[in-house]
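As written, the chain order gives the labels A, B, C, D and E, with residue 1 at the start of each chain.
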Amino acid sequence: METYQIYSITSGVLFVIGMGGVFLSKHFIKKIIATIIMGSGVFLAFVSFAERDALSFADPVPQALVITGIVVAVASAAFALALARRIYQLTGEESFTIEK
Amino acid sequence: MTITELFTVILLVAGCFFFLAGTLGVLRFPDLFTRLHALTKADNLGLGFIAAGMALHIASPWAAIKIFSIWLFTLLASSTSCYLIARFQKEKNPPKNRKEEG
Amino acid sequence: METTSFLPLLILISSLVPGIMILLLREEQFAMRTFLNLFGAVAKVALVGWVFAGYLSGEEYNFIFRLAPDLTFALRLDALGLFFAALSSALWLITTLYAIGYLEGGLHRNRFFAFFSLCVTASTGIALSGNVITFFIFYEFLTLSTYPLVVHKGTDEAVAAGRTYLWYTIGGGTILFLGVVGLYAVAGPIYFGQTEIIASLISEYPTQLTILFFLVLAGLGVKAAIFPLHGWLPVSMVAPAPVSALLHAVAVVKAGAFGIVRLVYDVYGIGVAEEMNFLSVLAVFAAFTIIYGSVRALYQNDFKKRLAYSTVSQISYIALGVAIPGALTSTGAIVHLVHQGLMKITMFFAAGNVAETYGHKKISELNGIGRRMPLTMGAFTIAAFGMIGVPPVAGFISKWYLGLGAVEAGSYWVVLVFLASSALNAAYFLPIVYRAWFCEPDHEVVERLRSGRLETQALLLIPVVVTGILSLTSGLFAAVTGSPLSIAREIIEKFYLL
Amino acid sequence: MSVLIDSLLAILIVYLALQCLLAPRLTQTVFLFFAFGLALALAWVRLGAVDVAITEAAIASGFLGVLFLDALRDFSFITSGKQESSDAANHSVSKKKPAFLSLPGVVLVLGLGLFLLITLEAVWKVPESGGLTAATEALLPESGVENPVTAVLLNFRAYDTWLEMGVILLGLLAVMAVGGIKIFPVHRKTPEDPVLQQVILFFTPILFLFGAFLLYFGKNGPGGAFQAAVLWGAIGILLHLGGRPVLTVIPRWLSQLLLIMGIGFFLMLGFLLLAGGASLFEYPPSYAGVLILIIETLAAISIAVTLVSVFVHLNQLNKEESN
Amino acid sequence: MTGLPTSPLPALLVGFPILLAILTLFFRPGVKALVGLAGCLLTALLAFIAFVEVTQRGTVIHTPGGWDPPLGILLRMDALAAVFIGMTALVGGFISLYAWRYLRAQDPATGGYPLFWPLWLFLWAGLNGLFLSNDLFNLFVTIEVISICAVALAVLSGKAGALKAGLRYLLAAITGSMAYLFGVALLYGSTGTLDLDHLGQVLEPGTTTTFALLVVTLGLLIKMAGFPFHFWLPPAHSNALAPVSALLSALVVKGAFYILLRLWMEVFGVGITYAAGQLIGLAGAIAVIWGSWQAFMQTSLKLLVAHSSVAQLGYLLMIFPLLILPPGVTADSADWLSVTWTGGVYQVISHAIAKASFFLSAGIVIMAVGHDRIESLRDLVGNMRITSMAIGLAGVSLIGLPPSGGFVGKWMLLKGILLSGQWWWAPVVVAGSLLTAGYVFMLLRLAFAPAREKEPFRPVPKTLEVVALLLAVSSFLIVFPADYLIQFLENSEIFGSGIEAVLKGGFYGND
């Protein structure tokens, strides 16, 4: 097994964990963290593919994409966090109540 | 095995021991203050040993300075945060066993 | 096909633009509204007349605009379309006059007259449309523009009627839509009269085309109130009298019947329709509806409701005429488009006058009404005799042709249906006539007779008298050139079977 | 040996991720999240992506972790009474009746398991080569920088990076939209603990220098605007926490200018180039290096200011009403 | 790129709104709105210039940084992009006007939600960027810009309900983005390229490809509220401010549809299976029925309109199964394909206009009566003629009755269904139309009904009513350029290679 494959497999696992977490977790913070984990899986996939045919350096394009992606994910997460905290402040709810 | 390597290994083992001790402390101690104590004291020491070991291993003055400064910063940061956490906790609900002793 | 003329478009605009303008008027701008209304109505009659004359001298009028690839908006004038256009524009003028009188002092008159105009735009659009899709566009437009008229009174009853009306017509429209799209998918764009398209495809796609025929027929059958799709018609009686007149005589049911004529003659072609046994199915449904409508009418005490069931029955004469192949029945069917319109509009005007003047809506309250309103009830009586098929009123002519055609085609059971229907017609119309003329007036009527004036206001009276006379004369002078019958015969001879 | 280390690291990462989501207490979740981020950063070093590692450690784990930590004040400390009950309700996964034993739970878990298998199959079948390494290497000399990642970020795919700066700014605007607060809240804290003060004062120049170092050497080695920005942002956050809200003392227009400076300059440069007949962000090759450095510097300042403002807004979110 | 003319317009279409967005930050709230409105109108103008440019010169491109793909990013403005950009400008322009007046009236204290303007301009830039982008990763960045802006706009009112809906929306959006990006990672891993054209050429069938395409589709379905993932849409759209609801429904969800259409037509010729297409169609069909039924059952006006969006998006999903032939089947003529996809695009436009008008009118009604129960529509015709007209016209267009834009859209959809031989979708279209008619006429019925208790209608700025009506009228007027638009799309031959692949049986053809 190549190094990149260890991590690309890990990336798949993280992605699914994250996706499951988004749907199954209840607390807002956990849902947000689950999206980050999902994102980490995606980024790990990119970077692991970057490593596989490294010349003098690993493929820089996925690395650059991942840096961009991380920043974007963090911006979204910060926003989500702001929403979660404000909701808590206004209603005292920490998770989505079952509503139709 | 050269004498440097021997020292490196001894230092690393010592570092690991202190980390282990610190971790044990965090797991076993009863309240926040004692846990903090175990965490910061033992871990800082452990990190110091490991840093020294690595510095010996790499054996370059620049790297040694870098590693030393990493240790220094960590020391500073962890002691400060330990202090802050302790103070926060003290203000919120003062420790019980301390009172009994006093 | 290539020549483009804006005249057909102008005919539509003559009622569309006044309609939109009226919508923007203020409620109290009575003079302006009336002017717009009458201007539009007169202009439309004039335009239709002009175009009719032009058409007779061999001119062609086409207007074509592509909306999307093979989604073409086409207006084209042929004899059948013009016939229907003439009917609706003429009756619209009369109905407009009547409505102005009827709604005097009522609420929301802007809204009413605006949608009234839009409604007639739609029905002339149906008359002038040159292909299936244009027909469909106006057919749906008609649904939309009549809805506000049905719910005009705003009462719970009216709103409920509006809901029923919509469910039926929108449902029918959707099914029609499916059928039309299917036709386009199978056969490409179909202009009316291009029956060869279907004829060439029928052997290749028999199942699809059969399904599509009945989809389209079902869609049209809703407006034509063929059993079991007639449920909306009696319910929407709650609308004001001019609206009922419009629904029953000028626009809605006629649109359905006209559509069936188009479908059989101009899209599938009589040959294909006969060959595939589409017509016998249609005939059975139409015949059943004729009897069913008449029987139901017998049991109604509400004046307008009885008229409504009578419409259900009468419109199916057209469908039945179409369904029996043969020149005579076809002539009968087409001429009945006009004759039924004239007679039924007379009846609704009369019913409206009675309700407006006395507030009487039940048949049992009509005792002696003829003495109080001789002209109104006179016109009604003529129309009723026409419906029964008493010569020489218009209805007799249609029935005669239909019956003769049925005999010629060997469908004797149809003759029986006609006879039974006539008997039933007599059974539900004659009591009204009897009550009106021969029963002693109720006390209340006598009271009013002493105090009030005779008849009702002129704007309500003139239309009913005019349409009454027209019902009589179009029967009396059926043989004269220019009468509905002569035109119908010409249509049939020139373009259809023979 | 290396396979062993990588496998252990991979298992650790997965374990931390799972624990992070399954931990019964929110505090644990957040701390495990820190650990997860650091482990991931290690993974990136292993994969030769040092730039990503620094970014991960700095932004995803560091900055975001700090935001989560700050959020804990709401959810678990301040309302300790409430937290007990909600804790029990929210984290039944590990106690009482596990949620995944219910029928929908089983279906979901099975579904996820199936999805995982398909995912792994798909990931496994990714071919062993392919990518743009060679293409980048060929064009690297024209880019004006030596670090290929920086070249991709600020030259080859500068358009993405520019939009990404927009996203960061948007993050701030969005946070502001939630709180409905002014751009910089004028809330001043009372001076904090002297120990904290001293430590912050000690760290400020070091962080600044280190940030500048990352920024400048990002041209040639790992590092760059984003990483530098986080370090500089850390200064702002520390100063704010230490009772010196620097951003509130400077005039409003200046703080706004600082915020948009990065993306604004980048865009104006792009428009100038457009006006000159070139494409957007098509630097003249001889000036590429200098321009990239200027853009990175301005961007780093802007991002730093943005991050601080995001933190401050979130930090102030629940103080507004209580004050 | 190969010989296509370059133009600075694509760069301007993205850069200009962002420049204005950051400029607005410097102004006081009141002035901010003015600057923002001016910026929106200028952006709309720019978009129309760009549209005309494409009609004149055909497809134009722009490569930011001057680097060709696959290393660089290509912005390509072809007919499809131009049509979407034009639609955004038309609808966006009207909504901006409305918003300017509406926000001031709603929140005079803080100068009318000043953050609306920079966020909306950013959103606009994001949409333009999305329509122009030819790069998988750049698409990700643009959809993130769009998502963050959309959610931020949705929570602008600051009410708890809006915030909760917003968080739900945001989490769904992030999940969707991440799923999309995972697919992109796998595609990049398989092919080493992110450029759509390039990808279409080098992509080879296989497990990875199919999985990647499915994950991408899944992510985008979440973003466009495709059936099982529609849960976030109704609360988010109904809790937002009226102009924001209009923006979200009319434009934002269409972004994800746009990518999906592009990918399915250009790239997915290989790899996606007939079954997957049918599954998406099924999701669409369920959405049509379920969404319409839900809309019918609502008692709150904005929730009704929001559920109607779910249903209308279902129609858009239903075009995807039609783009794929059953296994082993090839075709000679692509008639049904061009009818289907151009019809889909047309449906997007007509829905955007009608739904925007619907939401704006709902906003007016709510402003006038102070709550959004459907009962509030009672006697609307008597009190607010213009708004009732707007609701009526927009509703008719939603049902798809002639002669509205919705009619042409449904016509083409139904024709595509029948021509493709997948007739089993036809009843869904019919049933959907009926249900739509059901709730639209439920509203109209109330509008005509007399008022029960005298609930006062507060006066509402005329500008708002006129804007809503103009949009509603536009939803009919777009019938006139329909032929031109569809020809424009068909003649552009943008999906040439993709269509060829489909005709050959796509994935199966390569076996």
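To be clear about the criterion, contacts are C-beta pairs under 8 Å (C-beta built on N, C-alpha and C of every residue); 3 or more make two chains touch, one makes a residue touch a chain.
Predicted model, so just to flag it, every value in this text is computed and none were measured.
Participant: Is the structure still one piece when chain E is ignored, or which groups does it split into?
Facilitator: Ignoring chain E, components are A, B, D | C.
Participant: Considering only chains that satisfy the touch condition with chain C, which of them also satisfy it with chain D?
Facilitator: Neighbours common to chain C and chain D are E.
Participant: From chain A, how many touching-chain steps at minimum until you land on chain B?
Facilitator: Contact-graph shortest path, chain A to chain B, evaluates to 2.
Participant: Taking contacts as defined above, which has more of them, A-D or A-E?
Facilitator: Comparing A-D with A-E, the pair joined by more C-beta contacts is A-D.
Participant: Give the label of the chain whose average Cα location is farthest from that of chain E.
Facilitator: B
Participant: Which chain lies at the heart of the structure, taking centres as C-alpha averages?
Facilitator: E
Participant: Which chain has its C-alpha centre farthest away from the C-alpha centre of chain A?
Facilitator: If we average the C-alpha coordinates per chain, C ends up farthest from chain A.
Participant: Return the distance between the CA-based centres of chain D and chain E, expressed in whole Å.
Facilitator: Here the centre of chain E sits 31 Å away from the centre of chain D.
Participant: Could you please state the distance in Å, as a whole number, between where the Cα atoms of chain B are centred and where those of chain E are centred?
Facilitator: For chain B versus chain E, the centre distance works out to 56 Å.
Participant: Taking the mean of the C-alpha atoms as each chain's centre, how many Å separate chain C from chain E?
Facilitator: The answer is 43 Å.
Participant: Averaging only over C-alpha atoms, locate the centres of chain B and chain C and give their separation in whole Å.
Facilitator: 97
Participant: For chain B, which residues are shared contacts with two or more other chains?
Facilitator: none
Participant: Using the touch rule from the top of the page, what residues of chain D touch 2 or more other chains?
Facilitator: 119, 122-123, 126, 130-132, 136, 152, 156-157, 160, 164, 167, 170-171, 174, 178
Participant: Show the residues in chain A shared as contacts by 2 or more other chains, in ascending order.
Facilitator: Counting only residues that touch two or more other chains, chain A contributes 8, 11, 15, 18-19, 45, 49, 61-62, 65, 68, 72-73, 75-77, 79, 83-84, 86.
Participant: Give the pairs of chains that touch; include all such pairs.
Facilitator: Result for touching pairs of chains: A-D, A-E, B-D, C-E, D-E.
Participant: In their shared complex, at which residues does chain D touch chain E?
Facilitator: These residues of chain D touch chain E: 118-119, 121-123, 125-127, 130-132, 135-136, 139, 152, 155-160, 163-164, 166-167, 169-171, 173-174, 176-178, 180, 183, 253, 256, 259-260, 263-264, 267-268, 270-271, 274, 278-283.
Participant: Across the complex, what residues on chain C touch chain E?
Facilitator: The contact residues of chain C facing chain E are 23, 66-69, 71, 108, 111, 136-138, 140-141, 143-144, 147-148, 151, 154-156, 159, 162-163, 166-167, 170-171, 173-175, 177-178, 181-182, 184-186.
Participant: For the complex, give me every residue of chain A touching chain D.
Facilitator: Residues of chain A touching chain D: 1-21, 23-27, 29-30, 33-34, 36-37, 40, 43-45, 47-68, 70-79, 81-86, 88-89, 92, 94-95.
Participant: Can you tell me which positions in chain E touch chain D when the two form their complex?
Facilitator: These residues of chain E touch chain D: 6, 8, 11-12, 14-15, 18-19, 22, 25-26, 62-67, 70-73, 75, 115, 118-119, 122, 125, 129, 137-138, 141-142, 144-145, 148-149, 151-153, 155-156, 158, 163, 186, 188-193, 206-208, 210-212.
Participant: Once bound in the complex, which stretches of chain B touch chain D?
Facilitator: 73, 76-77, 80, 83-84, 87
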